[in-house]
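Chain naming follows the written order as A, B, C and D, and within any one chain the residues start at number 1.
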Amino acid sequence: MLMMRGLEARALSLYKQGKVPGSFYDGYGQEAVSAGAAFAMAAEDRLCILHRDLAAHIVRGVEPARILAQYMGRASGITGGRDGNVHFGDRNRGCVGMVSMLPDMMCVANGLALAFKLRGQKAAALTFCGDGASSRGDFHEALNWAGVQRLGVIFVLENNQYAYSTPTSAQFAVDPVKRAETYGVRGVSVDGNDAEAMFAAVHEARTRAANGEGPTLVEAQTMRMHGHAAHDDMRYVPKELVEHWAARDPIKLQSKRLKELGVDLDALQRDVDAEIDAASQEALASPMPDPDTALDGVFCEGEATELADGLAPWSGWAHA
Amino acid sequence: MPELTYLQAISSALRDELRADERVFLLGEDIGAFGGAFKVTHGFHEEFGADRVMDTPLAETAIIGTAVGAAVSGLRPVAEMQFADFIACGFDQLVNVAAKMHYRQGLAVPMVVRLPSGGGFSGGPFHSQNPEAWFMHSPGLKVVAPSTAEDAKGLLHAAIQDPNPVVFMEHKHLYRRVRGEVQDGIYTTPFKARIARRGENLTVITYGAMVPAALEATAELDGVEVLDLRSLTPLDVEAIVDSVSRCSKVVIVDEANATCAAGAQVSAVIAEHAFEMLDGPVKRIATPDVPIPFSPPLEAAVLPSVTRIREACDELLGY
Amino acid sequence: MLMMRGLEARALSLYKQGKVPGSFYDGYGQEAVSAGAAFAMAAEDRLCILHRDLAAHIVRGVEPARILAQYMGRASGITGGRDGNVHFGDRNRGCVGMVSMLPDMMCVANGLALAFKLRGQKAAALTFCGDGASSRGDFHEALNWAGVQRLGVIFVLENNQYAYSTPTSAQFAVDPVKRAETYGVRGVSVDGNDAEAMFAAVHEARTRAANGEGPTLVEAQTMRMHGHAAHDDMRYVPKELVEHWAARDPIKLQSKRLKELGVDLDALQRDVDAEIDAASQEALASPMPDPDTALDGVFCEGEATELADGLAPWSGWAHA
Amino acid sequence: MPELTYLQAISSALRDELRADERVFLLGEDIGAFGGAFKVTHGFHEEFGADRVMDTPLAETAIIGTAVGAAVSGLRPVAEMQFADFIACGFDQLVNVAAKMHYRQGLAVPMVVRLPSGGGFSGGPFHSQNPEAWFMHSPGLKVVAPSTAEDAKGLLHAAIQDPNPVVFMEHKHLYRRVRGEVQDGIYTTPFKARIARRGENLTVITYGAMVPAALEATAELDGVEVLDLRSLTPLDVEAIVDSVSRCSKVVIVDEANATCAAGAQVSAVIAEHAFEMLDGPVKRIATPDVPIPFSPPLEAAVLPSVTRIREACDELLGY
């Protein structure tokens, strides 16, 4: 979480220096959702990670330098500059890069889970969906299919109160987590700012998924604490709402716990900062992609290589 | 006459229609109080209220389908996709429900779908597309693509007043870069091509963001005509043939991916109907068949550039 | 209902004689659904009618001769031969012709209801959706939108146990009517073979819709008693299921009631048969469309004329 | 060699792949026990079971999206749309998720989408479309369209073995009308054009159902070549230019709606790359821009007919 917050802060400052092209999205204040969820997944699991979920990439083992290079459109970024900042997934870490169209990846995640099922593998797929994206048909088709075929898939509904400027009250009349059971999907709602609660909920869902007990929709209740993207000052969000959630910052919450366990947080922060500094230097030293390669790779020419397993070095399943 | 940007011209057309015709209403994601991702509807919410500048759920299929229902009921919906790319999510409702309704059922569907399109600012594969050819290949849809502020307003008025579903391609890269004098009040621009610059040695046929690029590329060349198509469906075949007949040499420029693009259709029209007037091959400049990459050097390598247009013209002039 | 059954039987026999091109779909055994529902709608209401719902067209006042001509692709059919058999709606009767893509018309019906709302008109829109079509994203986007904007729309979920060869068990894990309330939509389930129950449920839904009390999903439990289309012998349907429902034929059920009320059913049947004979002759006498007109009407050239009101001569709202 | 119909050839390819490669599985509506709307998978359910011949919910978006997920996991999904027309409902997943994945992420998506397409049997506006041009205009998809039983099998094998998403256009009207000798076992047909009949006075360039129509139309004409494209993406530009160079006159035939169709692209390629070889305008025959009407006389009036092809050839031969 610290790494996510630090990396995004760094990326934002690079953005302000004009070093990150396009626009810039972050998950400030929501770090616990993706960190907690990804921690609960094993190396052999598969993930489709969205735009507020950078921590999941980090947990999978994607190197910070490659993430910053990705933001800056450098050759050493995960997509080599082909796709924009958060639109990536490291296929060598079991991740499928998201598309902009939300929440298309829910259907893809079903396919990942279906592959496990058809091969008799005990593993699971995880993806995310925003409160806004829950209004789209793909949400429904994916949940219905997962329910009827009892796929080992976990959908994290990241309810951060807003979809761009649209509050949930204009998005749905009833919280979509309520829909889960009407698809034959287990539905649970957790505090998305509590990393351990997220971990526990997804860990349980993952156990069930891998054991053939079907899909789960985990609602993570949280708040988008920054604007939709860097250009958005989110003046449409009531101040009290921001204050309410600011007091519930996920990193503060987790820091308190760790302190009680005797963890040296200052040292941790120093380590993270040092890693980010190094990553930043490495990324800045990476060249821009060669324009002569712009047309390469529209088609796969050789053998199709499938997704590889993640590193998931801190996974709750690492020793399972 | 006030000078407006391309974006302001679009806003102005929407505002004037909302004021003049109570049947007109707008719907889309974040277009209400927020004023839209590009601020096209900035301030509209205050003037017209939430019913006529309607924030919708994040649901492109429903946006198009709802607009169809409202249109056949006698309203005049103007739907916005936040980016043109997202029309893929409402594709079926547009090409199957809206487009075919009048032919099948004799029921008119007077609606407009606004598609902020095009690349040039590191939008990446999902915020840079020019999908107009999909809709040219879908009978029952009209497709227009203004290149100037004046036409942006006039074509949008005409689109809203048209009794058919019209896909309105507004190029994001022109929003604030292009400005010009724009007539006050409501006026309509016909769905016909316009000669952006007259010439007699070669004609560059193009539309949208490639019109300023073509004008720039050929500014110093001798006698190069630039034909701005403005409307892609209907396609102004007469103007194309006329221009080719006078100039005998043609370069077609398209920002969209090359295969089966608008430019391919223009070329086919010429090869069939103006073959005898041709004094050289029909050259095409377009984005190759590749998703639009994000990183600036890659994007610059694939989008048609002023230089590439210029080189093609030089080459053909020397043919 | 008698008229629907009779007309479809006639159309089927015309199909077997090679007079109906393409394929042939009917609603045999489901007549009560569309008859009951359409009876509950007022002339000023709007409908999008599907392929098992011929009775709704009849209730709206569409002439039998034009329906048979439609099936045969004649110039005097509702679409003048431009579209196929059940793909029609008489715009002069407040109906929007369905598209093949199911259940696209749910979104269109929302638009019809939205127009009423924006104009402050007290009226409602009605459409249908099959058990199979409920799996598509349009179902979800339409219900969610109707719920959040509280539109005056009624969706009849025509659960006839099969989608082509696919039983509901392969379509969903939980009956979709359960989803209604998770969208803020009222959900009710009724015996779709009971015309009066259908009428009552839709009548109530229509009252609520017109009064601004929001949308309703009415599940009509019924059975598709014929194959998906004329070519399908539906050998995939268990015999007992067919027998069970055959005993619950909606026309038998209603006939019994009418008999008790003293209605002369034989006379009614004779009237219907005579009308169908006359309609059939008229339709057969209608010419095929002129091929020279094949390209006309892709675009509307003049003023757009909007939907007109239906006749709804027997509507429960005729004297309301 | 056994004689198979076009439909049997498709079945045979699917069966052979399912037997040879355990990664291959099929998914679609009613393809399991029922054997599919056109009976392409008749008997498969018994041999391969419900997991490998998978009945899906009625959900085209999910069918494509699920196939993508399975493909990147190392499986080889072959998805069926019940009719090609319904691909509009899964359009976004196909053009945005499947098509762009390899370019964006270096992740291959080896999947096939089978699209039973085309008109000629009163299918009406929603069961008769030829949507291939939409996919030619979507970078990252391959598009093939066989016209013979032999190619139907060979191209389908090649499509399934290809590491990319391939749109397989199978023309319904050929299903049982076309038959021919088909090699036993697995063989692949390259994504290249084939000369269906050699000639030197004029070339008819076409694909799919229009190949037999073109052969019939020109059977009695002197020296008319018929080039069967077979693959639309990649398009065999070399074969096109070669054929045009040898014949100097071209008629392009397309069953799809004319504007921005495959035929428009072929014409544009010729106008740019074979202009000097041309001895007359590049003629196009296609369905005009109209939804396909249901009633037989209307449908016959819009689809390209043997007579129309013949007349165009006659006219051009006399040019």
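Keep this in mind: a residue touches a chain if its C-beta (ideal position, glycine included) is under 8 Å from a C-beta of that chain, and two chains touch if they have at least 3 such contacts.
Computed from a predicted structure; not experimentally measured.
Under the contact definition stated at the top, the chains bordering both subunit B and subunit C are A, D. Using mean Cα coordinates as chain centres, the one most removed from subunit D is A.
Centre-to-centre separation of subunit A and subunit C, using mean CA positions: 45 Å. We define each chain's centre as the mean of its Cα atoms; on that basis subunit A and subunit B are separated by 35 Å. A straight line joining the Cα centres of subunit B and subunit D is 30 Å long.
Those residues of subunit B in touch with two or more other chains are numbered 57, 59, 61-62, 85, 88-89, 92, 96, 100, 103-104, 125-126, 139-140, 289-291, 293. The set of subunit C residues that touch two or more partner chains comprises 79-80, 82-83, 87, 99-101, 135-138, 141, 144-145, 148, 170-172, 298.
Chain contacts here are complete: no pair of chains fails to touch.
Put simply, subunit D touches subunit C in their complex at residues 29-30, 32-34, 37, 55, 57-62, 82-83, 85-86, 88-89, 121-127, 288-291, 293-298, 300-302. Residue ranges on subunit A touching subunit C, taken from their complex, read 135-141, 144-145, 147-148, 150, 169-174, 176, 178-179, 181-185. Note for the complex: subunit D touches subunit B at residues 85, 88-89, 91-92, 95-96, 99-100, 103-104, 125-126, 133-134, 136-140, 233, 235, 256-257, 259-265, 267-268, 270-273, 275-276, 278, 280-284, 289-291, 293. Interface residues of subunit C facing subunit B in the complex, by the touch rule stated above, are 46, 78-80, 82-83, 87-89, 91, 96-97, 99-101, 104-116, 118, 125, 137-138, 141-142, 144-145, 148, 297-307.
Those residues of subunit C lying in contact with subunit D across their complex are 21-22, 73-74, 79-85, 87, 99-102, 132-133, 135-137, 163-166, 170-172, 236, 288-295, 298.
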